[in-house]
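Presented sequentially are two complexes of chain A, the first with chain B as partner and the second with chain C.
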Partner chain A sequence: MTYKSAAAYVVGGLVALGMLASASAPMAEGYENMVGDKKSGYHYSTPATQSIQDDDFNNPSFLWVDQGEQLWSKVDGKAGKSCATCHDAAAKSMKGVGATYPKIDAKSGKLINIEQRINSCRKNNMQAKPWKWESNQLLGMTAFVKLQSRGMPVNVSIDGAAKPYYEKGKNFYNQRRGMLDMSCSGCHVENAGKMVRADLLSNGFSNGFPTYRLKWQKLGSLHRRFRGCNKNIRAQPYKAGSDEYTALELFVTHRSNGLKVESPSVRR
Partner chain B sequence: MANKIKIRVRVPKTAKKGQLIEIKTLISHNMESGQRKNKKGGKHPRKIVNKFVCKYNGKEVFVSDWHPAISANPYLAFFIRAEESGKLEFSWTDDDGSVYTKTASIQVN
Partner chain C sequence: MRNSALTFGLIVCVLLVGSLTGAGAAELVKYTVKDGAIAQSLTGKKGNPAKGRKAAIHRKKGNCLACHKMPVPEQLFHGNVGPDLAKVGERYSEGELRLRLVNSKAINEDTTMPAFYRTAGLHRVMKQWKGKTILSASEVEDIVAYLVTLR
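Moving on to the complex of A and B:
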């Protein structure tokens, strides 16, 4: 059954409801996300997976985005504030922000990613409890904030205080590890475009995160993906939110510079 | 998003009489198939949405029974014929008896 001829369908399920086959569902338009020899993971997805991302209504990530949008103006914490109290309309205040993280936090001088930025606002500016990593709240807010940069080029800086983190991330990326003795680059640089078991290897860019993975059946963070890629080569994964993964995120995201932010994307 | 069910539906605001219109729906649900093993060697009990119904001004116009192997957060799209202005009611029935509902209105000219 193709999307073109389907009158009714349940995505991802094995059920095809073909009883009303009188009109056709239009195939959503795909789009290009390439710069130079960089190609977004989108281009390695099957047309069926791409079509889920192409239409925001089909994209289940938006269940989380809706939640993030609601949380944006919800008062929480001892200071009696919401994100909107200080940042007003996200469409304006958060435009482009997600494309520049991880970034050096001016106050602490440390590298932080967008999740950590959000939680630092909760803790310091709202006196609210930070959201747990991979919680629906943190995923929803991250997706909502990054959505405000969708279509804009990824643009992280590795200058100044960010440089040592970049070097650390680069070492991590190129270091062989795990029982299979493989590095990230061994798959995503040297073998991109080839099959590894049943998967077509992409360049492993980060421009679509958080991403709705059909395998996870939910939205997930980039650090969750890192953990998965570490486990697949039987290496001990680091904690999501760890300094190791945040430095790795800087390296991976700098590699993705120039590609359009696709968040929240859909991947297999 | 196990704790709080979220629903999205997309219905055209207006349509011409006799026109075929596409309805899109999405519900957040884990759709636990009953096949997945838990750590103790048993199985996670099945808990899925087993029925979807769409009523158009009180009349059932689309019904479907769902079974395990439908993905989490199921998306369903289907076509109906616009006949008259009024209300569309959508309902999803859970194995535990809960019914999740959403309504939308349409104007037919």
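Moving on to the complex of A and C:
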């Protein structure tokens, strides 16, 4: 596997040098998502997993994306509105938006991620019930909104009011926890590129979320992944959507700045 | 390393006191660290190397293969976060191996390797594991007995 992905890097490198570049080449051939020493989790996936992501018709995430697209123009809630009533065509209004979250919400002054942003529109602008975390609706809409930023660089800000959240997320990231007494950085920084049993450790970037995990057989949120990474070391997880995980998301996403948005990605 | 015998004595005392109030938490066996080793068996007995091999492989026990390559050919996918344990019985004494298993952080506080027989100083341990050690004292002894055979 490592050998093959090394080969993929070489191919990627050649494309970057313009030696193999061809507009008609399928995405799989030259797809590359690296900046500086940052490499997307895509490059740690096996070629088999990569190929599922490479083709939108094979990528099961698009079942959820389709659902999100339908919900976009579906009227819901007491205000009798749909997302489209205010935001029109998502391809235009949502372009680039997903790449900048989590972000400080101007009204509440609080850090919110894209799921929370969507639910706040449902609650405040549509007078509709917020969607449950990890529901097909919220996953589908998140994936649909994020898809409008696919290929654009992740670009979250940690200035001003976001700074304290960033610091909080950073502390979380570096703190050892759980019965196995490990930190996120212990795996995703210090041991990236090494094998934990059958898993090749990536840098744990967030640029592909929501992601279709073969293990889950479902699209899943970044916070679900956080919970999994906490539970694997026998650490008490936080709730998806908790302030702790949103701050952690800001730190993790800031680490991912510059990488292309891949949502909805496919991972093992 | 020399003063760590004292420090460990203190920590163990705290643990024993702590465990009196803990709900059903097993008492940790007291041990002494000297010269980078725990010379005495935690159970007072020699471990069983065959059982140790099983406990080392078991995903809910040692799960050593997560991070180490080991001479266990029947298992696929060995991790490489830590060194190959193939000849580890030649490199270290039994007492040194015991300390590495009980609390490798006493040797290198930055190591990724979990302390398999420790309950103190941990953050947000899942409820069902609170106050418990990853391995029991006799499992530690079984794995030590197994590691000694790796030559």
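Convention: the second predicted complex is superposed on the first by the 238 of 268 C-alpha atoms of A that agree within 3 Å, B and C clash if a C-alpha of one lies under 4 Å from a C-alpha of the other, contacts with A are read in each partner's own complex, and residues count from 1 in each chain.
Here is the rule we go by: a contact is a pair of C-beta atoms (placed from the backbone, for glycine too) under 8 Å apart; a residue touches a chain by one contact, two chains touch by 3 or more.
Note that the coordinates shown come from a computational prediction; the quantities given were computed from them, not determined experimentally.
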Practice problem: Identify which of chain B and chain C touches the larger number of residues of chain A. | Solution: B
Practice problem: Based on the superposed arrangement, let me know which partner A:K231 touches: chain B (first), chain C (second), both, or neither? | Solution: second
Quiz prompt | Which of chain B and chain C A:V35 touches, first, second, both or neither | solution = neither
Quiz item: Of the two partner chains, chain B (first) and chain C (second), which one does A:N136 touch, if any: first, second, both, or neither?
Solution: first
Exercise. Kindly classify A:N58 by the partners it touches after superposition: chain B alone (first), chain C alone (second), both, or neither?
Key: first
Quiz prompt | First (chain B), second (chain C), both or neither touched by A:Q67 | solution = first
Quiz item: After superposition on the shared chain, which partner residues are touched by A:Q217: those of chain B (first), chain C (second), both, or neither?
Solution: first
Self-check item: Contact set on chain C toward chain A in their complex
Solution: 65-67, 76-81, 105, 112, 114-115, 121-127, 129, 132, 134
Quiz item: What part of chain B is in contact with chain A in the complex they form?
Solution: 1, 6, 8, 10, 20, 22, 24, 26, 28, 30-31, 62, 64, 66-67, 69-80
Quiz item: Across the complex, what residues on chain A touch chain C?
Solution: 175-182, 186-187, 190-191, 194-198, 231, 234-236
Self-check item: chain B contact footprint on chain A (complex, rising order)
Solution: 6-15, 17, 20, 22-23, 25, 52, 57-58, 60, 62-64, 66-67, 136, 214, 217-218
